[in-house]
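First comes the structure, then the notes that go with it.
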């Protein structure tokens, strides 16, 4: 990654033309928000890419320091706004570890349920946008149909569809509403057939394979060095999932597999996410079956204070990768420092490596497969 | 209980019995309290513990000695405080000799009220085989540069830029030490404790002729968005909403 | 001939009537039919896509959204027409005209129906050119200049890339498309489109089924190349919205944008119409030589109308396939598109021509 302001160092091309600098975004249909890329192209071949982020910066980490622990949950909703539940979970998990609160089992199961449903909804949104980036229009509408049902379930549970604010340090604010589990089970029973539908449209589609196989190669060493996590890492042949490696909430009590594919390309990352949706379906079904009775909120002080000179890092497997919180307490009701480990931020960083030497059309496919949310990158 | 000695033996026995019952009830209550599930007890606040016996710490001590200033754990997380000058070597060893291949995060923190006021840079790395995270910390004063760890973990690039952006801590040998979330020419580092939460007067980067240098960002530090004044005089008006 | 036409002929005299009045009337009629078809093709596209994608499609304007095209046209007409300050104005203005003009001109040689009493013994075409096939190819080639000029004249990098893509794509695909048209030409032995339909009638076969699959192969090449020529999915790279924002028409608005739009749909109709004429028997009814299928010739209608009906039905089938493609396929990448054109379609077209020639000689 070199500075785009320096003049092109490469030799002039065959016809004595200079490379063209293409300003990709921040208003561009394929940049999923306000990502801006300075792309140097030689014809349609990409010589260099320089991502420019920060258009959505809202100072969330500063806001965390201003508000008490309980009031910070809504800020986390607004980072990765298509996966609010997992953001909530990472934050409240970090606060609970900082203060030593233990969460009752029913709350742990409800959290697992919510975060798996959130993973489904996030992956559905990813599939929709990824497909439409590559030019397949129809999966967009199919996935939004199912995502709507998940959002309805969220709405029934906590009243919100996107910015859920559905967890508190110490447990869950509300119990599941009457009939929620039945509606959820009904959806989960039906959902695998819907995944078959999506796969029927794309998985063996020749054009889809042509556009994704061998595109955006990401070798595992590069992925690890760049801190790439989540489905991106599993598509590069590293079978690592925080839900298995360092289990939290109820993940050690349910049975699921961690999909891994070894070709390091966009197609394999697609396969990983499709398989993850199936596994999430399994987890939700098991959680519904095992859901214990009992309290949903632990005993906790009325004003939660971070212990003096305490610090903790807690990361969970979000839909896009490891989302973690590093929280420093200083004995006051506010966190002294609250750092978010944003998965999209670190995953996006590797983009210039993945698209070097490929075509502009591949750039779009690779942005899609990176599954970024600018609210989280810019915070 | 003022006139115990005047009691009859029967009364005495009754009192003893009552006391015994009370003690038993108390013991039962305590037992019940202990038997309560963890979520009904008061939270057990974690504490710092020395971690000199940890194999990773021992190995690093052997190679780096006093460059590892302290090694403690909190809530199960291993935290090493490392000398600023040797952070690159320590992280290289942590990665290559001890298998911490995945760079989880690098972040900063500001401690103006410490005895030696300054910043902390925190490196979090993960080992796949040992399934374990380690946190390395570097303490750095205002205006001092930290060696960049990009040669060790390529992913440090953006996170180090973000620390520079948010705290003003610079990294030596960084190929692109520019702001990342804020724009070039922003006058301040917002995650410092003294930075006002309501923000500062920004936006001056684009319109230097309207702002004093100390109010807004330095002139001409921007990316050259604004055309020269002579060419497009009508565009140099400050639009509403751009000033803050 | 209808009585009012005879009356006009009496007034103006036969010469003026056959050289001026009659062609103008036919042009007017063809334009009305084609522009209406285009308008309702947009509605049909949205409705069919809606059906494919589990949604409703437009249904607010009029019953079942039937007035939606009218509303769209009204909207496009009253929109502000923006010409970017640094655009190359003549190219910017000329681009859309060059796209839509040739596409409509090609319609002049398409025979929509057989000669009949309704049209006074003339065919349902504006001009029966004896080298109509060459005319079609020549006019189709002009369309690409419109895209290049529009893309270049916008002075926008995305438009430029879109224009370049369209130039490369359309020129590459014109080669197999033109070659595949040689096959029905060889089969019929004439270049007149009317003549080719007549030859299919005389030989009792639609050319798509002729010569043991050779006709089918040529038809396949023609249709794939035709989809690419009209910049439709899965070959819509020049205007790939996720890559190039809107490609060559990024900077266009209002009626100029509508002209590009019109050109694209007119192209679809033209390519389908040529395919119907050359390969699917034009205005001939299916199974014309089978006695059991005699009712298909629709003898209760005037002869011309029945032919027009069949022509239009085949045309609609083609247009449906176009829309179906759009609902199903992802988009090709540029290099893959070129590889498909040069490495697969071109050799296939050449082989088909050679084999057809062989069969014809033998």
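By letter and in written order, the chains are A, B and C; residue numbering begins at 1 in each of them.
The criterion applied here is as follows: a contact is a pair of C-beta atoms (placed from the backbone, for glycine too) under 8 Å apart; a residue touches a chain by one contact, two chains touch by 3 or more.
Note that the structure is predicted; figures quoted are calculated from it, not measured.
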Topology of the chain contact graph, where touching chains are joined (line, ring, star, complete, other): line
Farthest chain relative to chain C (centres taken as mean CA coordinates): B
Gap in Å, rounded to a whole number, between the CA centres of chain B and chain A: 23
Centre-to-centre distance between chain C and chain A (centres being mean Cα positions), rounded to whole Å: 45
Chain centre separation (chain B, chain C; CA means) in Å: 65
Contacts with two or more other chains, residues of chain B listed in rising order: none
Contact footprint of chain A on chain C as seen in their complex: 49, 52-55, 157-158, 161, 165, 233-234, 236-237, 240-245, 326-336
Complex interface listing, chain B residues touching chain A: 37-46, 48, 74-75, 77, 79, 101-105, 107-110, 122, 124, 128, 131, 133, 135, 153-155, 157-159, 166, 175-176, 179-183, 190-191, 195, 197, 199, 223
List of chain A residues in touch with chain C within their complex: 20, 22-23, 28-30, 44, 131-138, 140-142, 145, 201-202, 205, 207-208, 210-211, 359-364
Touching residues on chain A, where the partner in the complex is chain B: 1-3, 5, 53-54, 57, 59, 61-62, 66, 97-104, 171, 222, 224-229, 238, 240, 245-246, 295, 298-301, 307, 309-313, 315, 322, 324, 326, 328, 336-337, 339, 341, 345-346, 349-350, 378-379
